[in-house]
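First subunit A sits with subunit B, and in the next complex the same chain sits with subunit C.
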Partner chain A sequence: MSFKDVVSPFTAWKNLFRDPVTIRDPLNDRPGAARYRGFHQNDIEKCIGCGTCETICQNGAIDMLPVEGRATKQGDSGLRPRIDYGRCCWCALCVDVCMTGSLSMSNEYKWVESDPDAFRFTPGVDAKHWDHAELGYRRPEGHRLTAEHRLHMGEMAPEERIGSFAEIVDGYDVAQAKLEADRCVACGLCVATCPAHMAIPQYIAAIRDGDYERGVSLLYETNPFSGICGRVCTHKCESACASRHEGDPIAIRWLKRHIMDQVSVEQIRRAVGTAAPSSGRKVAIVGAGPAGLTAAFDLAKRGHAVTVFEALDKPGGMTRFGIPEYRLPYEAIDQDVDIIRSLGVEIRCNTRVGSDVTLDELREKHDAVLIALGLQLGRATRVPGTDHPDVRKAVDLLRQATAGEDFGTPRSAVVIGGGNVAMDIARTLARLQKQQFGAVKVIVTALEDFAHFLADPDEIKEAGEEGIAVFDARGPQQVVVEDGKVTGLRTWKVKAIFDEQGRFAPSYDETDELFHPGSMIVEAIGQMTDTALLGDALTEKLAWTRGRLQVDAGGRSSEPWLWAAGDMVRGPDVISAVADGHRVAASIHTAIMTEQAK
Partner chain B sequence: MSYTPDRSQYPAMRPDGTLDIDLTSGKYLKLWQGPQHPGITGNMSVELTVCGDEVVEGKTHVGYLHRGFEKLMERRTFIQVFPIVCRVCVPEPDFNEYCYAAAVEELAGLQVPEQARWIRTLILEMGRVNSYMMYLGGQAGAFGLGVIGQWTTYARDLMLDRFEELTGARIYHMFILPGGVRDGLPDGFAQRMEETLAEIERTMKDVYEVMFCNAVFKTRAVGLGYIDPALLDQYGVTGPNARAAGVAKDVRKDHPYLAYPELDFEPVTGTESDVYARADVRRRDVLVSVDLIRQILAKMPKEGPVMAKLPNVLHWKIPRGETYIRGECSRGEYGYYLVTDGSGYPRRINVRGPSYTHAMALLERMIVNVNISDVAALMVSLHTYPPEIER
Partner chain C sequence: MRTLYERLKALFPLGELTEQRPDMGFVTVPAEHLRPLLTQLRDREGYTHLVLLTAVDWIEEGQFQLTYLLCNRGAARDLGVRVMIPRPAVGLATMEGIHDLWPTAATYQRELREMFGIDFPGSPRVDEEFILEGWIDIPPYRRDFDTRKFSEENFNHRPGRETRDPAQYMKQQLYPDGK
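Moving on, here comes the complex of A and B:
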């Protein structure tokens, strides 16, 4: 203790001469810092209602609710997060995990209100004065709580793959698949988009857990063509994936294939189970494509005796005779079909209904008949010169290529069309040319420009790598024939494909003309159904809508014994055919069990 | 005032160590201090038995602030635990964030980026300064020196401004995520931090002159609440409470973590082990932290990533394992014990806060023979935070 200890405390008085340190009007003079985590903002146009914010919120402060005037659409649930500020702890994990970057926080933190319910609102929908605040917490660049990039899928090099029809992609190994499956946030937007509503988040979870039996059970609940769809599905699910907004979509298709690659036939059989005891009902199905066989699978499981009639020598329909082997190996088709057969489905190949057996006979011997004919006839452009025998249809050539028939591979070819079928035939011809002549000379001309191309981007990229020249926005004008031989195709530049009313009516720039040399012209501009087997009398009786057989929601035609499914009534891909097969099978089952369908 | 070996005028001790107090004799009075006594940081109470104005027995009672955090954590995914942990200790929340994140990182095999390591160190030192500011105000207030609390609250508020601009929040920062930290330093942060540090140093000078060179404070604090150095290990005493007894216990030195091995500092120690010595150790520790913050801002990398690549946190599973992560908080050793079982949830999380040992067993021993008016100051001198005792 010293004299200083007595005097020193009085130095506190010097504060009398200092300015006050308090802020006079903190409510107005003290905005939150630039990173302040204040009340939420949500760009509801950007938000897709995936609900990942709701999932991560450990307080249960977020509810996904419908918003008036906002409909559910592909890739958007139509729901938006409502936040309860009685629960929110301002941790901003919702902002960090937001898949689109729509959610952020303003730097506003002061809000006085007498009604406690006011503190529960939907940001972006219920207008607040901080909706356009420039400051506040935004997810920092590079700060992610999920992985944004897709695992690379290994594939054969172009120079190697062009020499054969071997499958191009490698498929994921277990470690790769786990990492890819880990990226999924299980929002389920994909399920709503998938025509067959496959349990996508659940089977992806099975991959994460390494439980492939569970995975294959989930696949077969909705899709007996998982081996096929795992390779060639048009994967609309991926275009609805929440991960695509700030990164790559989950490789849902490859993950499905991965499950099928990992399981043995015995495991698949276990997952599929056995058919129900015989119902005593019989169903005939015409066409062994995905729609017909899916219906056969469902009906056989329910105990009905199913016979499938197939005109060609092998089952699979377009998956076998339309899709080239380098995209879909035949073993994958065989495996999927064998599982369906194992349920007791009889598939009679080389049996053309209409000639080998009539539709009337089928009708007499069965309780119901389903036609799933697909789209087997190629459409024609009808431009001058297309009546030449060296102007061919893509579907015919693909069928012949699968059957191993020699259709006279041209040294140079021009393909008309910009869809996946055009790419399939172009790449098939390229492989045949490489094998027979050692050089690729294939040109693809499409009406659409690259910005609106119909074929998958991968197809265009890979076709280019394989030496195929793709010309976009070219309209075919004439097949040039000299001395009785096709020498090429003349095209004009496309100005617009549709007219002002949105009807198909291409207009051309006639001054921009090109000549594409080729000794064969292949038309790949679309297909239609061959309904000859129906016969004139039945065709007359049935109801039609713009050339398509008219069916109800369950696929039943105006004749009570006849159902139709697949591409012929509802396209345009394998997974849609599978979905249709399920729908029709359910309708047939209800009908034959509850009424006299005949 | 110190412990008198002559116990003749005090109640006799039973063989089990408890005192034989006959309340019907009229000689003793039961006095309940708390749970909202202003001398107590937070909600805790002491059941005192006094003889005249002298305490003959004190029992500590906790439980007023139990929120069941450890159990709540077992029902949350690893990322969902992150916003909870800071709430375990309100005045110095960052140690919870650091210890939890480091424990998860160790078991999940994550490597934290260099810049994040330094920012974490910075945040922990900023938090230490704030914690001491609250303590100094409380310690002075317990002796009736109200003005000190006003000054240290001002200094703390300046540091909270820095916290706000760095982390986006003032109290619960929620900035140290498993894998790193949320973001780098904002533009001009070092400059504003330097201004804050200068203001804190000026405040500390005032605090020294008015609180530490003060006849009243010295009369009351010197000699009060002596902790025998021999008791330190027996009672699990760490931090400034141990350092004021001359034992240089400091996790930053003993088991270096984060960027501390690259920083130049010496643990502050005292000799007298009384209330005054402990307060003085903490006062000087503020200055060490101010110096450390300057060193960190000068030495830390200014660019590079601040977050490790995380797996998808929504279904993050961590392999079976257990670990204990510790750090030196303003009160002593703070630690998180984490057990994982391969699932997406922690199997067990146990928080080891220094307040538990300091405020309960040690206080019961120290409080005997103390004047009632000194009880509050004695409790504050142990610098305990009830939220962290009870969790």
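Moving on, here comes the complex of A and C:
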């Protein structure tokens, strides 16, 4: 035995002066380990009631239930998870999958109770002493069951796209779309927010399964403009997506487009099916935009004879004559419209109601008339100088650009407005300038500051990449005209857009003045409906509310034979127009099948 | 780790070395070379301790992955040896045991027999129940074992349970007429 062997046990003596690691009173005081998985905590303000915890629970321990005082709203079901601890196995999959990070587990695990039902409660709602416990299981940093970021969408480079009107966005290929679809937890919170209430989780599941026929059937159940919406929808659904809380929302719009990209016209026709046998009823629709054609689609499917009257030479309405081709190629519009035509819908282009045919004639020859006129007239700023012929309206220029008319591309232009239409005309002008003069000189001036901008962030970013200068919080004061020629726009800095009552009444800082040079000024501050075709007598007879035709929930006007739908009723938005088309078609169908509408 | 790998590679048909950490690596070896490789590691390379033996179900590939994690205490290094074996769709997979190299392996082998359905013929008590008493289903760590279905079929719900589908509930609350 060596000396060391004799002495070494005494080295343990130094531990006498250490704090004990054991628990003094283990019978009463038994804290869980720091990351112990004990009873749940739920931050119910953060929770959105998506039910993903319930779905993943392998023991069926979680129920989603309404909570008193918590209302259902966009992006929040108002439900909250109730957990049955008789079934919970404390695996924490619910915490790991939680889309908002609201759900966690405290390290509290001891609870003695004689009533077994007490062990079923709603964390965060039914108060417990561990609700604010600091310790417990939280999803570790970077540990995610669903991918955080959306699949990158390929785009044409700015220098390449500015020279043409070719479509910018590539679309996903099958592998990319599957990966993006895999990120969706199918909670369905988005469905309520979509104006057409499309079956979003179901069609995303169809992509995951590679079953595009099922996908296109699901799309056409609610939206005959899926090719168009897959490209230019305002995708409000994505603002309600559960994935947006701790990552990017699912690219729902691009996935819809992906389905349409993958199917043949034959497959779409099969999905759409055929029209019902003829009902003997006839419906006239004025305007071949999304609302009018959606109604035509629904009514034709139900066996009614539908004729659509369109003043312009091609159908599509604002999707064709408002939205530039680089965002929405004309073939995509043609495909959607052709499917609607294949159901027997007759579309008469170049037929302006009011001059080529009168509304009275339509009324006499049909059981019902639907007007879906859209918002075709540009609003004016009425600032001094706007009566000059080189001050134009964005909607007119966009229509002319689609028609291929030469409206005299200016070498430099100033656009007034900050919405998507302003960006559309600015980017259209930029392309025309690039083609004709080789250089882009377009300025956009918007009332709103960048924090409250109306146009999509993508539009602003892409416009910037294309050489367009965007000035925010600028109010137009005067179009400057020298020697009979427009030389530019004078603006003041906007202090506030609305007054204290919330009415539109911009106030300006007059000391902050800018001059934006340009030989053409384009107003893009909003649109209104041209209701001239109604004629004086009918206009007088109809009920109106604040300049808009008054209609009931089904789109029926105060005249029983006349319905209205789309942008002229709902304001500008493709998917809202589609939803409105469905609503109005249902109302017309009921009316013409049950009553003598005339 | 790399020099050890080079030495072993001269003797055995090893796959790529994955260096997880400076003191931890993984190699793959065909099943028939496992025992000689483990013996070499234990007797010549100082990897005297079997840390654990575990499995992964690669159901799509029709394979089980076995991982034998060894430790060289002197060098404070771990080496994981991976073996891929065929995974029959039904019934047991089979692998040669290593309980004669490390007696503790018998416990792991008994666990894998129960949880994955991987048999190690001749391993002590391998056919006895391990932690699942009276198990009636396919081995629960196989990925085709449906945990949810099993729990629904075997454990009653207490009365008073009810739930709502979020999308349906939102429809009921926000647009009951479907429009």
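As a convention for this text, the second predicted complex is superposed on the first by the 569 of 598 C-alpha atoms of A that agree within 3 Å, B and C clash if a C-alpha of one lies under 4 Å from a C-alpha of the other, contacts with A are read in each partner's own complex, and residues count from 1 in each chain.
The rule we apply is simple: a residue touches a chain if its C-beta (ideal position, glycine included) is under 8 Å from a C-beta of that chain, and two chains touch if they have at least 3 such contacts.
Computed from a prediction, not measured in an experiment: that's the story for all the values here.
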First (subunit B), second (subunit C), both or neither touched by A:58: both
Touched partner set for A:77, first subunit B, second subunit C, both or neither: second
Which of subunit B and subunit C A:90 touches, first, second, both or neither: first
First (subunit B), second (subunit C), both or neither touched by A:35: first
Contacts of A:21 with subunit B and subunit C, given as first, second, both or neither: first
Contacts of A:143 with subunit B and subunit C, given as first, second, both or neither: first
First, second, both or neither for A:128, with subunit B first and subunit C second: neither
Partner chain in contact with A:548 - subunit B first, subunit C second, else both or neither: neither
Which of subunit B and subunit C A:49 touches, first, second, both or neither: second
Common ground on subunit A, meaning residues reached by subunit C in one complex and by subunit B in the other: 58-59
In the complex with subunit A, residue positions of subunit B that touch it: 76-77, 79-84, 147, 154, 161, 164-169, 172, 174, 182-184, 186, 206, 209-210, 213-216, 218-219, 305-307, 309-315
For the subunit C and subunit A complex, residues of the former touching the latter: 147-148, 151-152, 155, 157-158, 160-167, 169-171, 173-175, 178-179
Subunit A residues touching subunit C - in the complex, by the definition given at the top: 49-51, 54, 57-60, 62-66, 71-72, 77-79, 84, 86-87, 116-117, 120, 187-189, 191-192, 197, 201, 553, 579, 582-583, 586
Interface residues, subunit A side, partner subunit B - complex: 1, 4-6, 8-9, 11-12, 15, 21, 32-37, 52, 55-56, 58-59, 89-93, 96-97, 105, 137, 140, 142-147, 182-186, 205, 208
